[in-house]
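One chain, subunit A, links the two complexes that follow: it is found with subunit B in the first and with subunit C in the second.
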Partner chain A sequence: MMNSLNRRVRILSAGAALALITLAAPQAFAATPADTLVEGFAIDDIITIDPGEAFELSTAEVTANSYSKLVGLDPADTSKVVGDLAESWTVSDDGMTYTFKLKPDLKFASGNPLTAEDVAFSFERAVKLDKSPAFLLTQFGLTGDNVTEKAKATDATTFTFTVDKAYAPSFVLNVLTATVASVVDKKVVMEHAKPMTPSAEYKYDTDFGNEWMKTGYAGSGPYKTMAWRANEAVIMEANPNYYGEKPKLKRVIYRHMKESSGQRLALENGDIDVARNLEPNDLKAIEGKDGLSSTSAPKGTIYYFSLNQKNENLAKPEVVEAMKYLVDYDAIGATLIKGIGEIHQTFLPKGQLGASDEKPYKLDVAKAKELLEKAGLKDGFSVTMDVRNTQPVTGIAESVQQTLAQAGIKLSIIPGDGKQTLTKYRARTHDIYIGQWGSDYFDPNSNAETFTVNPDNSDEGKSKTLAWRNAWDVPKELSDASKGALLEKDAAKRAAIYQDLQKKVAAVSPFVIVFQQTEVAGYSSKLKGYKLGPSFDTNFVHTVSKD
Partner chain B sequence: MSVVEQTPKPYSRDWLLSDRPTSRHQARLGRAYVIWRRFSENRLALVGLGIIILLLFVAAFANVLAPHNPVQGDLMNARLLPPGSPGYWLGTDDQGRDILSRLIHGSRLTLMVIVLVAVIAAPIGLIVGTVSGYAGGWIDAILMRITDIFLAFPKLVLALALVAALGPGIENAILAIAVTSWPPYARIARAETLTFRNSEFISAVKLMGASPFRIVLRHVMPLCLSSLIVRVTLDMAGIILTAAGLGFLGLGAQPPLPEWGAMIASGRRFILDQWWVAAMPGFAILIVSLGFNLLGDGLRDALDPKEAGQ
Partner chain C sequence: MTLNDTTAATRRKRSRSSSTGKAVLRFLVTVVTTFLGLLAVTFFIGRVIPIDPALAIVGDRAPAHVVERVREQLGLNLPLYQQFYFYVRDALTGNFGTSVLTTNPVMEDIRRVFPATMELATVGTVFGALFGIPLGVLAAVKRGSIADQIVRVVGLIGYSVPIFWLGLLSLVLFYAKLRWVAYPGRLDIVYEYTFTPITGFFLFDSLVQGQWDVFWDAFRHIILPGALLGYFSLAYISRMTRSFMLNELQQEYIVAARAKGLSETRIIWFHALRNAAVPLITVIALSYAGLLEGSVLTETIFSWPGLGLYITNSLQNADMNAVLGGTIIVGSVFIAINLLSDLLYRTLDPRTRSR
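This part shows the complex of A and B:
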């Protein structure tokens, strides 16, 4: 009897001890490795990591940390451009030819030497592939036929770039800081190129490694991308061949985490070092905790929803105007985006040249109803909105749904992940799309062009700007003003043109701009040097170290 | 000597319990009374019935009962208020909408899902099961193998796949749940049918020249009904949970519909600081599911004397 009791006690106590161990274990092993930076980040918008094709916000950060460009923004003062691969550059007197001299002894992560030949190849590849971001380069007059002439290597370290007009040099250089101008390793890329059958749409007999590069890597940045697994993770490792300041940490992992509260919990438990998509309430909670800090930076990103002009109801100018009166800007600013954004109603984000801070619209249901009646839609209408199912866009979409309902407009929300909604948007098959726009380069022309230029409004249009995506046939006067500003060398005059343009666009465009993002990140105080940049391709991680 | 038969007063207790009913009508009422007596002996079953009646009442008078508009919130002034705030008994959600009003209106959606699923799935299961059980042979083999195929998939996964294919929305969710929930009913109906098909009364009907169609419809199906009703009632909790699960995954009701599962999904973001946003619809689902389970349990005891004492 005594014996059996003892046995039971033993089993019980062993069980209790085991339970205690398993209970204590997560805390003991939760810390991330000392040589690895782990970021919790919603990366569901990544559809490719090929810099010649990628045009998404999360991808911009990945490519910025793994590829180098000729020039980059000066992180200390974003109005300046500094050399990255380029040691120096000159502009010819007629303002058309740019000559870049590369730094000596550059190497790719693969160990291949990086020469002007690779730079020329990267330009040729981006132009010939003609994916979404190609317009950044083709706007300088590059085409598949002349790109080898206009962007060429004159010797191993000299690259010349010829543009078709005498643009403001700062504009050209700013554009070259965009992801699409990243330099790829010609040898590695062409090893993985797949033969193609030339057709009317695609004239070349190779895919320039595009298929392999969707998940592959051929760059020279501080980190090399080891793997991207959709909706799971991006894994990067330090590039030993990097020519600049060596990365401080050996490995960087972006873990796909959608939920703000999940990121907050993971950050508090030490499972991740940085939480990137915190919502206002979670950010507030983190700010009060020991061992955690937060940082923020205004971003050149604006959140908007846009009305596809192919929809006959949305194409009516009165409806377009009414929509702008049917957003509860004040309440959204005070609640849904508190701390992560500021109400903003013009297409240039604060901080860029000529940005206007005017807020002509506020919630006014009576006025909107009047406008709808004028449009012959007194009883409202039904319409759909494609919404990526992350915050804050879903919250804003629901708020807009409520305010639209007050004017009789029945909005149905179609949720989807980033990939689904974007694909639909780019195919111009949406009614209303809600999303964000991040400037491709830190110059007002980036936004001015995408919001106001649409040279070919057919479905086959080559220039896939936001105006094109929403089938907005932009009034010629506006496009011309936007193009004129581009050649204006006097900064003050250029700013004035943009200010006037913003006012006109706010009045007639099918874009309802809601707010400008302030990017926030909560991070563990163990990190040193963690900073967010002014744009998505300046969120560098190679300067981060860990205690 | 003559025995004076005292006829009990119609509709009195004795009349209902009489073992020699004088009319069909009396027999039916008598049987219903016995079932009710057996059912009402079970206190918990009465609680379940009470919950369901309350649900029906709330759903019927949602417009009168709800203190606020369920889809129009006050984002500016009433966002994420805790339970007990003046005017908002159960608090408000992230769009400033009253959670109580949303729960009340959401009961309609819940009820709609349950009723439609039951109306679609139960007859399909009943027909497939009785036909297959009575016909036997290759008809039985084919129908039961189809049933097996459906049973081989996990219910929720199959429903997910269907909704993903049909597109999110509450109608498609109902369809998906119905399509995935008939096979168990078919199995039960078949098993019941097999126990009757060789019994004397069926043979008697056959001898009188009844067609197989008539036999299945008029003589087999009614006998399968009681066990089917029990099973459907017990399944209703599962249906609610499946619908809520689809809503939670964003595949069921779409915003701003106050579907309980979708409400939990949107409250999940605030679960650390504003627990009530997710907890309140959770309680609602819990209570209603419990109600259906208790009711089903009681019905089984009442309708199925074989299992009553177990």
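This part shows the complex of A and C:
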């Protein structure tokens, strides 16, 4: 026995010594090619790269780097827009007609000239296809029947766009910075169009190249998309015909990597240049390392939990208010979302016109108890929360569970897959839902509308805003303020309306807004000029170079 | 007498031919019911999971009217029995449709992801068998010794430690610290432009094309996840080998062989193992078939674009076309491997032949 034990010890120590030797051995660094940017990025949400159809966050980044639009957000001040394809624009006195003048000699990646005709076609195509993002354009009164009249080329470099109401120009221009307004190469697209049999659901005899465009490319951006392979990679190459500042690197590859720790290892080893889905602990590990940097930018996504007003306890105004005092914002901010978000309590994300940074609530159990007593729920009540099984929502749900318990509210967490909780939420059968809301377009109206407008609160309601999903019968003055802001010509006055609205909504709405997402990326210090933009469609890569 | 003889002979003959017929028939019935069962189960799961498949197509943020239109197009508003009828009809005509997630025909997707999984599973099984069998033999021969204990512990760890933990740990050690292996995916991105796969088995493709650097790179990518899966099957194979060998070593022919004065090595590796090999074939085949379903966790950690990830992702998004296609492929492969191991069984064990 003694003998065999000794032998074991000997084997173990020999093994340990061997391990030490190999650990100390000089390490050969892997490297990505000098002319290629490689990003590790969870791109499993991409289901199409057709800008007329795509509405996913990762896709927004791909199309932003490979297509151009008439206008784009001003990177220096995101409450303003600047021209991209458009050299200049004017708004008619009645506020209904926008006339855009294109820059001269624009070309697509294919070499075809880019004219106002292509712009008009892109609008027509998006409206007629009527896919997920089409409402961005149809909200201006465009329909399949009138789009060729309302969005048309008056000559090769002039495009006019007529809207149905005298909207705030800031609203119209902000919406035109969205992916759906990307300009596609009419010639290339129609070469790949497939004939369709018109039916009651789809009235046109062509698919406008949609099937091909799901994986194809017909744009004019700094990079051309060469290939998208689902759950594998997106491969882009510099577009030699790009009219703007030439892209510095020849290729950009987004490599699908789901795991934060995997991304961190690959970044540390030099197999990727940028890690895009780092969780707080991996981010922290990277921050101290030589040769690695990190960057962050607040994004237009806010995380909240909402109280279904169909639940009789949750419908009591005192309970709604009490809930807002039963969240440990400080603890959540300091631990759970450290580095990936910051506490935010109003419905407009920082960066958008009129966003308010007020934080009226903090954890106050005594106050909450008082409110619950007033509501006749001194002993608390039981309630469920649907939680998708990802971080940070799971952690936040658990934190809320503990703080609610302090006031006697028994919260049971129902974990589920994302699509599962969402299906339930859309059917309005939840008690409490926790999740995120990303602005559909970079304008305050996107959030204002979904949080404060609910024209028909019945189950058959057509407008399924977040207010509807939580069966919140929005007070008329709030909805009216929201709608009024949409028509306010003066941007400063418009901002003031939203600021007031946010304060009121924070007080009475069944939405407990917890934080605004910050997007972070760890990257190799070899990269120069790597930045995250203020929105998902402004994460540009053509300015990035490598040492 | 003679009359009786001939009738008996014909009866025997008839009964033999009808028993072959019966066997074929039984086999066909098994296959058909298995497939119908598969169809029913996948359909049932697809409809009871509380996920709206229309959401998978249009994405999380689509407005309500678009979701509704897609539901209509998918036939999701039809009664369930009609939906099932269409589902079976399409599957029987070999039309698995188009994956809503990737927008490709399902068969095309599977042709892309399955070789990745199969290559990984093959490396894993080779690894598992190559190390598992000798370890099992060793453990059986030195039963109760320290070697036996070590093999048992190694096997137990392989069996019980969560593979994602082991995966990450091995990545930290062999990739991050030692830099012996490559990561992530199947190939370095530099080969994205220079290498065109033929069959999708990168090791094979690169050899055929004489691209040694690609082969080496593919090898460096596959070795860690392959070894990890291999470790898992090693645990199983070594345990089974040990118990089969123990059984054989107690047989009388071993005593006879020893009495004849044959060397111990010869007895163990030629006589005992040869007989233990017969049931072992089934064990290895089953573990291979198990790996072919794709290991979701391994594929997630190693960013390996394989079948497990594909099916899981599709299932979570209620992409039933893809799930059905994937399940049918896995099912067919499973049945094929079982058949193959049966055939091997027959060649290795003469007794099964005469029966």
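We adopt the following convention: the second predicted complex is superposed on the first by the 342 of 547 C-alpha atoms of A that agree within 3 Å, B and C clash if a C-alpha of one lies under 4 Å from a C-alpha of the other, contacts with A are read in each partner's own complex, and residues count from 1 in each chain.
Throughout what follows, a contact is a pair of C-beta atoms (placed from the backbone, for glycine too) under 8 Å apart; a residue touches a chain by one contact, two chains touch by 3 or more.
Every value quoted in this text rests on a predicted model; they were computed, and no experiment measured them.
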Taking the superposition on A as described, I'd like to know which of subunit B and subunit C A:Val71 touches: first, second, both or neither. neither
Examine A:Ala178 and indicate which partner it touches, taking first as subunit B and second as subunit C; both and neither are also allowed. neither
Could you tell me if A:Ala230 is touching subunit B, subunit C, both of them or neither one (first, second, both, neither)? second
What is the contact status of A:Glu398 with respect to subunit B (first) and subunit C (second): first, second, both, or neither? first
In this superposed model, does subunit C or subunit B come into contact with more residues of subunit A? C
Is A:Ala407 contacted by the first partner subunit B, the second partner subunit C, both or neither? neither
Quick check for you: in the superposed arrangement, does A:Ser261 touch first (subunit B), second (subunit C), both or neither? both
Figure out whether A:Lys419 sits in contact with subunit B (first) or subunit C (second), or with both, or with neither. second
Quick one: is A:Ala331 in contact with subunit B, with subunit C, with both, or with neither? Answer first, second, both or neither. first
Could you give the residue numbers on subunit A that contact subunit B in one complex and subunit C in the other? 259, 261, 265
Sites on subunit A touched by subunit B in the complex: 259-261, 264-265, 279, 281-282, 285, 328, 330-332, 334-336, 389, 391, 394-395, 397-399, 401-402, 405-406, 412-415
List the residues on subunit A that touch subunit C in their complex, please. 4, 7-8, 22-23, 25, 27-28, 30, 32-33, 36, 38, 40, 44-45, 47-48, 55-56, 130-132, 134-135, 201, 211, 214-215, 229-233, 235, 253, 255-259, 261-262, 265-266, 268-269, 271-272, 416-420, 422-424, 426, 438, 440, 462-464
Subunit A-touching residues of subunit C, taken from the complex the two chains share: 49-52, 55-66, 69, 72-73, 100-104, 109, 112, 146, 168, 171-172, 175-179, 182-185, 188-190, 192, 300-303, 305, 309-310, 313, 316-318
Show which residues of subunit B lie in contact with subunit A when the two form their complex. 71-73, 75-76, 79, 94-96, 168, 250, 254-256, 268-274
